[in-house]
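First subunit A sits with subunit B, and in the next complex the same chain sits with subunit C.
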Partner chain A sequence: MLVLRGPARWLAYLVLATGIVIIIGPFLWVALQSFKYEIAILQGSWIFTPTWFNYSDVLYSHRSDFPTNVWNSVVVASLSTFFVLIAGTLAAYSLSRLRWNRWIARTFLGWTLIFNMIPPLTLIGPWYLIFREVGLYETLTGLVLAHITLHLPMTIWMMMAYFNEIPKEIEEAARVDGCDRLDAFWRISLPLVTPGLIAAGVLAFVFSWNEFAVALNLTSRATATVPVAIARFAQQYEVQYGQMAAASIVSTIPALILMFFGQRFVVQGLTMGAVK
Partner chain B sequence: MAEVKLENVHKRFGGAEVIHGIDLTIRNGEFVVLVGPSGCGKSTLLRMIAGLEDISDGTISIGGRVVNDLEPRERDIAMVFQSYALYPHMNVERNMSFSMTLRKERPEKIRQAVEGAAASLELRPYLERLPKALSGGQRQRVAMGRAIVRRPKVFLFDEPLSNLDAQLRVQMRTEVRKLHQRLEGTSVYVTHDQVEAMTMADRIVVLDKGRIAQSGTPLELYDRPANRFVAEFIGSPAINLFPCDVKGGRVFLASGNGAVDIGPTTTAEERIELGVRPEHLKPVESGGLPGTVQVIENLGAETYVILNAAGRDVCWRIAGRPQVSVGDRMQLGFDPAHMHFFSTASGARL
Partner chain C sequence: MLLLLLTVYPILNLIGMSVSTIGFQAAKEIWTFTPGTNFHDLLDDDIFRISLWNTLVFAVVAVAVEIILGLTLAILVASVSRFKGLIRTVLIVPILMPPVAIGSMWKLMYSLDFGVLNQIITSLGLQPVNWLGSTSLALFSVIIVDVWHWTPFVFLILFAAVEGLPKEVIEAARIDGARNRELVFKIIIPLMKPALAVALLFRIILAFKVFDEVFLLTSGGPGTSTEVVSLHLYKVFFEQNQMGYGALLSLAIIAATIAFLWVGQRAASAVGAR
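Up next, the complex of A and B:
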């Protein structure tokens, strides 16, 4: 590990502090606004009397759809994460362990990589047309399917890194001991990639929770998710800054909790294979 | 306990053939060591017996039953891997009992089997530990314990000692052999270490580029190697090889002081190779191969003297501590009873 001394150390602290301020600053500013009345926000006051009004208005008011939006987000993020983990883990296991023709494996992985690089907005048009045809437009099912498609490549790549880390002899030993391939996967490989499942699951959930563009275009007022709902606090004739700030803070809670518990696995997962 | 029979077994990876029609019968209760340099196909052959590699051609039978199309779990075998291949998320007890748990044996029977194996391998204090909390030697013993608890017809060992340090390897060598004698199973053991092969095997099978170079007891291979490859591979230090000329039915070895008359031969070849084990050289007053002492390696009970003779390094092995020094000039004689002649062209024994 690099140990800094003297002025270099202070410079490092300064850079670190600047980084933290840049990252945390906007969040703290939004948090501050969420405790102000509308007038205090518009006046830009730094001295104000804190209030829970915005939170109670967002969460308990009769005119607020926000609890429904939170529930929609919970459903979409949970279901898409669940199915992404199932499909991604099986695909990753297959690519890592089965003897696929090299060209088939490379074409598949190459395509997932390219798909991950395509801006999601380019996919929204076709999805809109398809979902309208099959009756999934403005439904949570449609959005879940879209999110599965969006987050599958990342999950496959992450889980592949985990499966590649398991020596194949361990599975072979299980096959000699009495397992068939499915048994060996279920009893040996899957428990060993649990950290990978946590990491990929946390990322897929957080990405789905935060996803805005696709959700905006494929949902209605009744099926809107949290990011879409937050954006709708800015109407044509009125911007509800306080409610918007409160909703933003509330929306970060699930992601913060997940990242708090899953951070270790996420960092490990993202750097898997980088160093031996 | 079962006989393992390989008939005309081939293995091809794409277009490359790595096993070229092996015929081999491993008898009931026999301890057979497959030995050879890296890439000779020994591990592939073992994995084919285990069912972890498909067979391109030929037949493998275990206990009289053809197993070509059977899954590894259906072959009634146990395998100890080079990397131990313990299940990292299971403690020692669960590692050892895994096969019996899969067979849905009674818990009492499982407990007895695990405790019996753990006691014989001195693993009792470690039954609750995870593999990561064990030393290399302990992990190796757990891998063996797992194999014992399985109670298979055939034990397969894939270089199980190569990750251990030298001292532990010698100790475990004895343990494996004792285990084989106690369980009276049929064992197939793969190694690239010819000392392991010599000390453990009832029978050694030397593989060279996917073919059997020779099969026999350790001493048969040592005393009468079928070809130059086996002669060079078996024995440590390695056999001394000298290119020789054949003139008028006699073999001559070219040296700095003219040709040394080795003795008569019946071969029609003009150039052959003479092989002499280091312990079968002896110092002579005259008429021997002249050489200069380059290095002396004292091992305590015996000494290796490396000489430069006939333009090459020659190893002379002698019990005790010879009175020679680096730079001494001496002549080495050959014992006619322990000379091996090989064809220069084919490498076959003459």
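Up next, the complex of A and C:
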């Protein structure tokens, strides 16, 4: 964009380098803490003998619920992603291709938008009461349902952007060649929006994995997810800093893995709606 | 359908709840119709007013800083030819991290005795700073965490927009003798108004929803200095067990959000985005 020469150029690199350090620094520092014994953390020492104690305590010890928490998170995130993708893709396809009454479509989309904007905590009260009544309170099923609801609007909007990108003519050509609507959707449109499916899937999974406010209030000790567990480390009377650091690092791993695989699609998905 | 079931029904439920007092006895809910008290509570709720104000300060300051930093970074990265991929990879990390993990990370770093920030400050010969424990600093500290968390997101949106700008226009302006500063303020920023509006809207929405990090870092304290709307709602519902009043509070927040969306859309279309 700009042509930078001489000092301005160095200044630009300096700013960018600082930015990268500020982003990575905290992460590395906390990773460092997670290899220290509690005493070394509290002394703030920089020279210490690294230990796996915090990780083994969090992941393997008998008094730790963390493996259960990880399992709960995996189950909730996978199931909710799966259902969100199905429902979101079908809804997006139908809104983008079928001729809905304008009024219905606009109300629906407007509603999803509003729902996406209000703090999830405003709905937690009624959810809490409803789930108590139907027996879903403190169950994983309840949390999966809540997460599907939370992340459906985002998925619908994203998938709609992808479906709108595909020229209608491709599908029409397929119909002329003898595909029925379902066939055309399954064989033509769906493969073309695969990047969108990946992006929406990754985001839905990560958001569900990260989601805290709802999980905090709708789960019990046995069904708590990873963020709830981390919060518990921090809220205990005596904060276990080492374990907290280790759990935080562990909780970031899925996001990091998904990032390496799906980065291109995620960035595209995140910015797609915005640029248009 | 599920979406409607799990959103519309709760809202109807909210309206029902908002005019009631709900007590629990032997695991059974007991609803009493008391429309007056809840509204009275709302008018009397000083903490709600404080939390609204804190949320507003938080949102405005954090989002403003994020937009400025994000825009600066976006233009700089677009201007240097190297490291684009690396920078993008690094910057996406905070977006995908669990907000709770971010909260606990910063809780460690902010620690009065052994946090890395105070280590740096004391090694420079200055007094350690009580980041989260002082009423005047706590909100500011929470804002720093939010800026760390969300500037990369703003950057991604704005960077995509910068890369999409028509190169010819900028070349033409440069040939006409425009200097860098003029390019930025007279050409690039005006052309990016739609993307800026989108980033702004996105971020303000998310900033108003803030809960996780604040819950972890300060739980609203010290005193009420970092009490935000979501946190207050959580406390009313689950610490004070005032389901009815919480429902009314929820409705007030939803109404405020819708009003805000409407105003925001007006403003956005005024500057030329959608």
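Keep in mind that, in the parts below, the second predicted complex is superposed on the first by the 267 of 276 C-alpha atoms of A that agree within 3 Å, B and C clash if a C-alpha of one lies under 4 Å from a C-alpha of the other, contacts with A are read in each partner's own complex, and residues count from 1 in each chain.
We take it that a residue touches a chain if its C-beta (ideal position, glycine included) is under 8 Å from a C-beta of that chain, and two chains touch if they have at least 3 such contacts.
Just so we're clear, the structure is a prediction, and the values are computed from it rather than from any experiment.
Superposition of the two structures on subunit A shows subunit C fitting alongside subunit B with no clash. By the touch criterion stated above, A:Tyr241 is placed in contact with subunit C alone, subunit B being left untouched.
More subunit A residues lie in contact with C than with the other chain of the pair subunit B and subunit C. In the superposed pair of complexes, A:Pro120 makes contact with subunit C only, with no contact to subunit B. Legend: residue contacts after superposition of the two complexes on their common chain; A:Ala146 is shown touching subunit C, with no touch to subunit B. In the superposed model, the angle subtended at the C-alpha centre of subunit A by the C-alpha centres of subunit B and subunit C comes to 100 degrees, rounded to the nearest 10. Contacts of A:Glu169 after superposition on the shared chain: subunit B is touched, whereas subunit C is not. Once the two complexes are laid over each other on the shared chain, residue contacts for A:Trp10 go to neither subunit B nor subunit C. Once the two complexes are laid over each other on the shared chain, residue contacts for A:Leu192 go to subunit B alone; subunit C is not touched.
Using the contact criterion defined above for the overlaid structures, shared-chain residue A:Ile23 touches subunit C, although it does not reach subunit B. When the two structures are aligned on their common chain, the gap between the nearest CA atoms of subunit B and subunit C comes to 22 Å. Within the complex formed with subunit A, the subunit B residues making contact are 50-52, 71-73, 77-79, 81-83, 85-89, 98-99, 102-103, 146, 150. Across the complex, subunit A is touched by residues 2-3, 6-7, 9-11, 13-14, 17, 22, 29, 72-73, 75-80, 83, 86-101, 103-109, 111, 113-116, 119, 148, 152-153, 156-157, 159-162, 164-165, 170, 174, 180, 183-184, 188, 195, 198-199, 202, 205, 208-209, 211-212, 215-216, 229-230, 233-234, 237-238, 243, 246-247, 250-251, 253-254, 257-258, 260-261 of subunit C. Across the complex, subunit A meets subunit B through its residues 167, 169-170, 172-180, 183, 188, 191-192.
Subunit A contributes residues 1-4, 8-9, 12-13, 15-16, 19-20, 22-24, 26-27, 29-30, 33, 41-44, 87, 111-130, 132, 145-146, 148-149, 152-153, 206, 209-210, 212-213, 217, 226-227, 230-231, 233-234, 241, 244-245, 247-249, 251-252, 255-256, 258-259, 263, 266-267, 270-271, 273-275 to its touches with subunit C in the complex.
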